[in-house]
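In the two assemblies presented below, chain A is common to both, partnered first by chain B and then by chain C.
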Partner chain A sequence: MSSAGLWTLRLVCLALMAALPFVIGPFWLQMMTQALIYSLVVFSINVLTGFCGLLSFGQAGFVGAGAYTFGVLSIAGAPIFLCVLAGLALPTLLGLLLGLPAARLKGHYLAIGTLGFGVLGAQMLNNMVDVTRGPMGLLGIHSVDLGQNGWYYVLLVISFGAMTGLNAMERHSFLGVMLKSVKYDEISAESCGVATFGVKLLAFCGSAFLAGLCGVLLAAYMRFLTPDLFVPTESFRYLMIAVVGGAGSATGGFIASLFLTAMPELLRSLGETNFRLLVYGIMVLFVLWFVPGGIGGLVERVIGHRAGTAPARPQTDNAAHIAAPGVSR
Partner chain B sequence: MTTPILEIKDVSKDFGGVQALQSVDLTGLAGEVHGLIGPNGAGKSTLIGCITGVNRIDRGEILFRGRRIDHMSVHKRARLGIARTFQKIRLAQQLTVFENVAAALASRWFRRPSGYLRVFTSLSSKLVTDPVYEALEAAGISSLAREQVTSLPYGKRHFVELARALVAQPDAILLDEPATGLTDAERENLMALVRRITANGSLVVLVEHDLELVGRLCDRVTVIEYGRKIFGGTPLDAQQDPHVVKAYLGSSKFAQKEASGVPAA
Partner chain C sequence: MFVQIIINGLILASTYALVAVGLTLIFGVMRMVNFAEGQSVMIGAFVAATAAPYVGYIPAIGVAMMVNALLGVVLERTAFRPFRGMELNGLIASMGMSIILINLAELIWGTDPRPFDTALNNISVTFGTVGVSVQRLVVIGCSLGLLLALWWLVQRSSLGRQFRAVSEDAEVASTMGIDANRIARTSVVIGSSLAAAAGALSGPVNMLAPDMGQAEMLNAFAAIILGGFGNVNGTILGALVIGMVQSVSAVYISNAYSNSIAFGLLIVTLIFFPRGLVPERLDENV
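And then the complex of A and B:
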């Protein structure tokens, strides 16, 4: 599909999403708003795992750090821009600190290392009662009053913008090529002059920043936080959404966030037992069996992009003249 | 053809008690093709690893353009101007040829810290496309730019690695068995390419078992056996050396070196 065609498709999807508040009720709008918030942490997994090949089981730790930093500062009376800045800065710093040891790890060791970080984060939120009020939860967070529709539109713009930006970064920028070259073969990337350790640190920081943004928005939207929201099972849920979406595809992550957040609620028609969760789990398994590239892979096939292939040839005058298709000198 | 680019002095390397290299010396000059030959397991690839930084040396020095590099990381050495290809091809299989080659622009751009600003450069900007297509042209594979590496025949993948080495505009290129699995026509292309690289004043270090190729291309050869250098000199002299004949050549002969005039490409 041509670039103009893709943009048309994107704008049509955006318009459809923008029309949603006029179609669905307040409960579902709230659901979709939360799904948009969670799409950001899914993007953070896209960056770390999908683009750079580093598996993280601790993303909820970053989300929690962002959310609680925003919440605690806002209750202490700090101006909102400061709360946002700190809520983004602290997770990014944590990403750097976790990355310093974790970027040297591989495979299961990396998985265990990040899992440890996630557990530590949840424990700290629970036990630092003086700061976080622990299991009692953080109440009365000050935030901006946008109204339900306002929040939905703001989050739609942020999430859609992040998705488009990440897609462009992964497919069309030199940074994307560097990240992917580290994922596929570190030794060969090093011999190409890519500092693999530095690139991994960058991926950790970028990922933590996105997860922190998710946390900040969550705190600002919900105005109530408990440590339960950031336990390691949440990290696994995010990872599951990212994998169903196709780890390397922000588009897939976006779609999967919306569907997998809505699905457990849709399945409530099956009754209020755990049966609906069983059905949910089986549906996820089926996606993984039959669409190994995830939703993103499916989308790419439909719109005619091969997975992992970047449209690389520019049709500038000069490039067309030195490299006409089929001519090799 | 007298400026030393690469100087390996008294280099030793052991892997847990196995002496892979013992006081090896080698000097690579600007504009020469330097053959590195020897039986299987002699330590050729280990030496390439020591030069590029994949293996840390235990003793000795490695100098690149007069500067010690043996303590540097792999990417730092690449940024100084040492490029390589791999014996067992190492390309990002899922990426396009273009992307694979573009990745190596890192060693050219990141020589200076200001180059880091280029990470957000678009792949379709001329900053990327011009050097990448130039390298692909030189390797004769510009028509494959948009192919995924998995879809390419084995021989072509060698040329992708070569293009990736060339895009960095290196002063030294280390080729680890580049002719394996090439068709006759591809071998001729490879030789023409190597001659063009050295004509620009770069050093090519060639690890190869194909004696015809070594004889036709190399100005000098270094022969190693069991991690020791047993000979250094021209291919013709190597043929007269009883030790080299016994250790490696047997009854085989190098092909005659051709005049190193640069053929019109």
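And then the complex of A and C:
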């Protein structure tokens, strides 16, 4: 599809999304608004895992840091722009601090190291009762009053903007090439003069910033926080959404976060029991079985090939071992 | 007090070790992480609790291990074999399976936490001044037995040689006539039944709930990383360190932060030993 056609498609999608408040009821609008907020943390995984190939099990820690910084400061009476600024700065700083040791770790060591960060973050939110009020939850957060429709449109613009920006960065900027060079072959990237440590650190900071933005918006929209929202299980859920959407595709991440947030509610017609979550799990498996590239891969296949900036995916050494001739599927 | 701390540490360590060794075995053979291992612990505990009134506690552990062996076959077929060479998708698939298992358990056994009482809980032996229930000693003894059996299996048996061959190099192993798929299936079966044993053994010490097992799995991850991935001996060492640190810090520092202290220790270790205490041999090809 041509560039103009692609833009038309995007605008049509945006217009359809913008018409949504006139079609669906308040409950579903609230659902969609939350899904738009969570799409930002999915983008943060796109940056770190999808573009740069670094697996993170600790994204909920960044979201929690952003949300609680905003919440605690706003209850203390700080002006709102200061709350937002601090809520974005702290996760970014944490991303830098975590990235310094984590960028030297490989594969599963990195994943579990970031999981450690997530566990630490969740336990601190739960136990620092004098700051975060712990399990009692943080009530009475002040934020701007936009009304339900207002919030929906603001978040739609932010989320859509972030998605378009990330897509452009991935495909048309040198930064995107550098990030992906680290993912596909770190040693070759280094020998071509890419400062892999710096690129990884940048990916960590950028990812933490996006996750922090998600946290700030979550706190400002919901005005009520509990530590349960930021436990490691949530990090796993974000990762699941990102992979179902296709880890390297922000478009897929956007669609998957809308879809997977709404799905458990849509399945309510099956009954109130755990049966619907059972079906949800099975659907995730089905997507993974039959659409290995995720929703993003499917979208790309439908609208035609993307601009050829991405190198063909080489097989990593592990993959080569596993895909041995004798090992049939 | 001191004996109590040691016993508690050993109980934690033996549960973590059973879970972690299973995870390591699966990782070694398939280079994939089984995220449903925590739910295997939970299913094992519930099956044992259901079977115990009919067959007695110790046979119930065996029943749980057998049920989970079947579960392992299903897991390998649904969440591992379709995703060879696609680690991330396999990871998410096992997460999907864990969602399915949690909700299946809630459908079968309900959502309320329930106690798992065994006769052994009420008998205690005294060491000097402290009384320790026989159940706690059974946990430690049985885990030690299972770990020794696994050690024998991996190091001394023909099956173990095939395991080690596949984890060394799956391609060469399969040209030597080793059925890599069979080895992969066996690894999930063993890992899943060890998790069942962990659940059935630690169940009576704690409460049973469908969301249990998550903490065991997270701590088992920490133990694996501390010991170096894919290395059974290092994993057991890691589990021992994590269990003891948690038990000591729960008494002397803070119970609420005991997980944080274990993971804090893990992060500090990773800063100085980026590949764990017993590094895995890893060749990087350009």
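Just so we're on the same page, the second predicted complex is superposed on the first by the 305 of 329 C-alpha atoms of A that agree within 3 Å, B and C clash if a C-alpha of one lies under 4 Å from a C-alpha of the other, contacts with A are read in each partner's own complex, and residues count from 1 in each chain.
Note that in this section a contact is a pair of C-beta atoms (placed from the backbone, for glycine too) under 8 Å apart; a residue touches a chain by one contact, two chains touch by 3 or more.
Note that this is a predicted model, so its numbers are computed, not measured.
Peer 1: Could you look at A:233 and tell me whether it touches chain B, chain C, both or neither (first, second, both, neither)?
Peer 2: Touch status of A:233: second partner only.
Peer 1: Which partner does A:187 contact after superposing on A: first (chain B), second (chain C), both, neither?
Peer 2: Both partners, chain B and chain C.
Peer 1: Taking the superposition as given, does A:149 touch the first partner, chain B, the second, chain C, both, or neither?
Peer 2: A:149 contacts neither chain B nor chain C.
Peer 1: A:106 contacts which: chain B (first), chain C (second), both, neither?
Peer 2: second
Peer 1: Tell me which partner A:196 touches in the superposition: chain B (first), chain C (second), both or neither.
Peer 2: In the superposition, A:196 touches chain B alone.
Peer 1: In the superposed arrangement, does A:247 touch chain B (first), chain C (second), both or neither?
Peer 2: second
Peer 1: When the two structures are overlaid on chain A, which partner does A:117 contact: first (chain B), second (chain C), both, or neither?
Peer 2: After superposing on A, A:117 lies in contact with chain C but is clear of chain B.
Peer 1: Give one of first, second, both or neither to describe whether A:285 is in contact with chain B, with chain C, with both, or with none.
Peer 2: A:285 contacts chain C only, not chain B.
Peer 1: Contact-wise, after the overlay, does A:178 reach chain B, chain C, both or neither (first, second, both, neither)?
Peer 2: After superposition on chain A, A:178 lies in contact with chain B alone.
Peer 1: Among the partners chain B and chain C, which is in contact with a greater number of residues of chain A?
Peer 2: Of the two chains, more chain A residues are contacted by C.
Peer 1: Can you list the residues of chain A that meet both chain B and chain C?
Peer 2: 185, 187-188, 318-319, 322-323, 325-329
Peer 1: Please name which positions on chain C make contact with chain A in the complex.
Peer 2: On the chain C side, the touching residues are 27, 30-31, 33, 35, 78-79, 81-89, 91-93, 95-100, 102-104, 106-107, 169-171, 174-175, 180-181, 214, 218, 221-222, 224-225, 229, 254, 256-257, 259-260, 263-264, 266-267, 270-271, 274-276, 282-286.
Peer 1: Which residues, counting only chain B, touch chain A once they are in their complex?
Peer 2: Residues of chain B touching chain A: 52-54, 73-75, 78-79, 83-84, 86, 90-96, 98-100, 102-110, 118-126, 128-130, 133-134, 136-137, 140-146, 148, 164, 168, 265.
Peer 1: Would you tell me which residues of chain A are touching chain C in their complex?
Peer 2: These residues of chain A touch chain C: 49, 55, 101, 104-106, 108-109, 111-113, 115-117, 119-120, 123-124, 126-127, 185, 187-188, 232-233, 236, 239-240, 243-244, 247, 273-275, 277-278, 280-282, 284-285, 288-289, 292, 315, 317-329.
Peer 1: Which of the residues in chain A end up touching chain B in this complex?
Peer 2: Residues in contact with chain B: 169, 171-178, 180-181, 183-185, 187-196, 306-314, 316, 318-319, 322-323, 325-329.
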